[in-house]
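One chain, subunit A, appears in both complexes that follow, with subunit B as partner in the first and subunit C in the second.
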Partner chain A sequence: MYVAVKGGERAIDNAHAWLAEERRGDTTIPEMSVGQIREQMALAVNRVMAEGSLYDPDLAALAIKQSRGDLIEAVFLMRAYRTTLPRFGYSEAIETAEMACDRRISATFKDAPGGQVLGPTFDYTHRLLDFKLAADGEVSEAATATPRQEATPHITTFLKGEDIIQDEPQSDAVPGDLTREPMSYPAGRALRLQALARGDEGFTLGLAYSTQRGYGRNHAFVGELRIGKVAVEMEIPELGFAIEIGEVELTECETVNQFTGSKTEPPQFTRGYGLIFGQSERKAISMALVDRALRWEELGEDNLGAIAQDEEFVLSHSDNIQATGFLEHIKLPHYVDFQAELELVRKLRAEAEANLAASEPAQEAAE
Partner chain B sequence: MKTEEAQAARKAWMGLLAKASPEQLAELWSGLGAEPDFTWLRPPEIGGVMVRGRMGGTGAPFNLGEMTVTRCAVSLDGGAVGHGYVQGRDKHHAEIAAKVDALMQGEMADVVERSILTPLRDTQTATKTARAAKAAATKVDFFTLARGED
Partner chain C sequence: MSDYNFAYLDEQTKRMIRRAILKGLAIPGYQVPFASREMPMPYGWGTGGVQVSAATLTPDDTFKVIDQGADDTTNAVSIRKFFERTANVATTEETDKADVIQTRHRIPEAVLREDQILVYQVPIPEPLRFLEPRETETRKMHALEEYGLMHVKLYEDISQHGAISTSYAYPVKVEGRYVMDPSPIPKFDNPKMDMPAIQLFGAGREQRIYAVPPYTKIVSLDFEDYPFEASKADHACDLCAAKDSYLDEVILDDQGNRMFVCSDTDYCRSRRAAGHVGRLGTKNQLEASA
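Now for the complex of A and B:
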């Protein structure tokens, strides 16, 4: 029989105190400030903002410090903080065409107006460890050139003239918000994009890769990838007009997918879309590929039974906080559940042994 | 027409204040030396705004994720009402933004414009231009190699 017990407070307190000490590490090494993390671990900060679904670089840097660099734990802290915030409202839809681009490339159009702007990229580096960074290396100043003044239009707008790429349907319908109502299926593209934007990078990458390897194949080109800052406007009820309430750094990816046509659509190029807080092009490209795979139904394509085409599967498993919460809870005390299982297995085993014993004399007699 | 212009001007300075660095704004504010008497219509409050994107960059809206915003409202003794809506979680930032918004509607507008808004605008332009200049230096110049047919 199991008797309910209390206890563990002292052990828990001491464990947390030790955690704090381990978090600090060797005290002869200088402590990292939140500002250092924000500035020097910027891509980790970006990932925590994207998957935490809350744009605030200082908070994300604090979360990374508190979580000892465990980014999913940091995302968890961001999500928990987010739930304490009153919701002031919804912004106007941002205009990524007006982005101040740090980077803007196209794999499809070499001579796109605005050009191929590489920005601060890891691409074309040799991926060799740079031991100069282990020493106190001085950073040489980046080169500059005359800044472009004109806007950088989306590359897909150049294909539209020919009517050879599918147009984005226009609508002013209020999109569903998964932070307000529980998901139900079919979810529709607006909710899919919201879920993918905050989904786990690794999971999204794996799914996107599966579509490239043939599970729901839709051959994607990166029509455009851009990174930069975009202003956010919101209508202020007490003013009666919209003002800019800030700006966010975003990564946007538009894929252009070969499409031979279906029962309902003529042969044309179709699109997948990825939009992510911060600088995260791996995630943005992944999101665009998964978005495109999930659009099979509206484009009249066949369901090939690929995982990346299964909206409910993808959206139910993309959130790493839901996933880790359920996964990790099994390490917490389940003494009573297990005691019940133990009793059950003991009983079944006793019955099986009794049955065996009852049948043995008969067997002997038969021999 | 007059009110439309006034609205556009207010929209511009509120946006400038929202994006300003809290440190720079606080420094400029103390440099102004104005400490107007005021009452809170809404004390500073930290909250979230859901940012919306567009499918494919141009299509129907969807909810992308939230950002932190701090807001407040003040009423100056002269009667002017100022609103502060600023990015982030700095309550002092929102307070100064609201006071600047209120002062910009009164007699001090020219002084505030000169000593606060102009320097903020200059900083934002300089930051933006510096990034754009670095981006421009990473623009690829393609050239065609001689094909050696002749």
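Now for the complex of A and C:
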């Protein structure tokens, strides 16, 4: 008569074995290699590195393979691996002005020193399914040019001369690290940027879009969007100086936003900032818009009650690993609490029915 | 899993967690922020409890994990396996034999001892969260011992439903100071919290640890004219005839037939082993289910 389920352990093992089989799919189709994913699913790899907060294309590709292409699951695998890595130290701040740009565009100027470099972009493609690709993915070689050797200066440096754009506050303070210290609010801009850089692309996009539609509007222009490789340097204590330990591909976005000025200050442009691992333009622009919206207090703007202005709301919900974990945990058994609710609702209903029954004869008598 | 440190986390991280635990024990019921790590299981699935257990376990300990009171619920199996692999500790299903017990949603029926530690998995550590969504506000409310809002909520329950309509995660006051969320245990379990064992609470996603030292006074919030009542299904266990244990309702068919069984599977098993037989139990049921 005892029907309650036993044997959870065997069920889990079997489920995992089935999952492994499903991951592999039809075995008559050749298996995908990690290298193929890294090279041909590069934007997925980039997203997994960005939200996984770990720059390692091979691991990200492996995570995508293991997760059957579920990118949030892949991000999760990266995070769980990253958390076990010892921290040897922190690199020097990277210098994005010295980026070797694959792409660099500005929407605020027709042209600027360094030029408008489109790079490998979907922007002007026609979104027509390319059926040829289904049969044959061979491509002809793209035209090349001699790379520019000189640095590409940031667009905002051209505005700074006129003092028409606000200077960013300088600080030598060591920025916080939300993976090492618990979050507390107000978090401050450095931690906000860290959280946004790791945050879910869709969530960040939605928030940024909401500011464009009037929920904390801040009139953003893409002052500059650049994608390319940047050297990472680290000071080695034994050497006493910094050496280059590698390079990372980054997407950086600086927005130029209007500012109407206040009683004490004349109107001036302000900035929003986005910086993301890999080629992740949508995310970088979104991050810059949300960063700018969150700066309302520092810039003396009104709190319009828009969610993109609400630091605590934005930062506590931007992490997709936290979000998906908590959301999906409601699949776990909750029957003990549900039992308590059952008892309560039954008791309340019984009382309500008893009250009703007690009041009915009185009503009849009154009629 | 030999690539990982004992119990998965590195020693610095465990030290940081132990500091938070000690602070929690020094200020019972106070939510200590800690730099919760990303774990290989999802947030909301016990990462806080797992981190507390990882920082608490020693190689000689015996570990037990329950979810909904049972050792063989899927997530309990998964967490127990995790520590078998990463810490290589002995595990048990017997409450009596465990040094550290990690739990989700229940307190074991057996009275725990001074040399045992009960680790709770906590989803939302803040008892005031659903009254005030902002952490900045709720921290202030705790600092000022400003708990009026909670009493207003309980009062509104009574005026609306004639009873306090919180059946689990029922708020308690710890040693006359902090209002604390006991985690989503049914309120039936609240009175057990005044116990000889150490109680540790870990909320991974929310980055909080809190604790209740042994023999701490725990009071479930109520009113003089509406006193707290620990409730359960009004039945005896159909397998072991226990009248004092929390019961799960199991639907037997579509005719409305149900059975009630102990939610604490070890408690039920040990009673049946001792010869107690419930309405639907049989003398030789142990062999039958083995």
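List of remarks:
Just so it is clear, the second predicted complex is superposed on the first by the 356 of 367 C-alpha atoms of A that agree within 3 Å, B and C clash if a C-alpha of one lies under 4 Å from a C-alpha of the other, contacts with A are read in each partner's own complex, and residues count from 1 in each chain.
In this text, a contact is a pair of C-beta atoms (placed from the backbone, for glycine too) under 8 Å apart; a residue touches a chain by one contact, two chains touch by 3 or more.
Small disclaimer: the values here were computed from a predicted structure and weren't measured.
Contact with neither subunit B nor subunit C is seen for A:P153 once the two complexes are overlaid on the shared chain. Shared-chain residue A:V336: touches subunit C; no touch with subunit B.
Put simply, more of the residues of subunit A are touched by B, taking subunit B and subunit C as the two choices. By the touch criterion defined above, A:G206 reaches neither subunit B nor subunit C. Within the superposed three-chain model, A:R82 lies in touch with subunit B and with subunit C [touch as defined at top]. In the superposition on chain A, A:A145 contacts subunit B only, with no contact to subunit C.
By the touch criterion defined above, A:G69 reaches neither subunit B nor subunit C.
Touch criterion met: A:Q116 reaches subunit B, while subunit C stays clear of it. In the superposition on the C-alpha atoms of chain A, the part of subunit A touched by subunit B in one complex and by subunit C in the other spans residues 82, 86, 179.
Those residues of subunit A that touch subunit B in the complex are listed here as 49-50, 53-56, 58-59, 82, 85-97, 100-103, 110-111, 115-120, 142-148, 154, 156-157, 168-173, 175-179, 189-191, 193-194, 197-198, 231-232, 234, 236, 238-239, 241-248, 252, 254, 271, 273, 275, 277. Residues of subunit B that touch subunit A in their complex: 7, 10-11, 14-15, 18-19, 45-69, 71, 73, 83, 85-89, 128-140, 142. Residue ranges of subunit C in contact with subunit A, taken from their complex: 4-5, 8, 10, 33-40, 42-45, 47, 67-69, 72-78, 81, 104-106, 123, 134-136, 161-163, 165, 167-169, 184-188, 205, 207-208, 231-233, 238-239, 246-250, 252, 259, 261, 263, 280, 285, 289. The residues of subunit A lying in touch with subunit C in their complex are 1-9, 11-12, 76, 79-80, 82-84, 86, 179-186, 312, 316, 321-322, 324-329, 332-337, 339-344, 347-348, 351.
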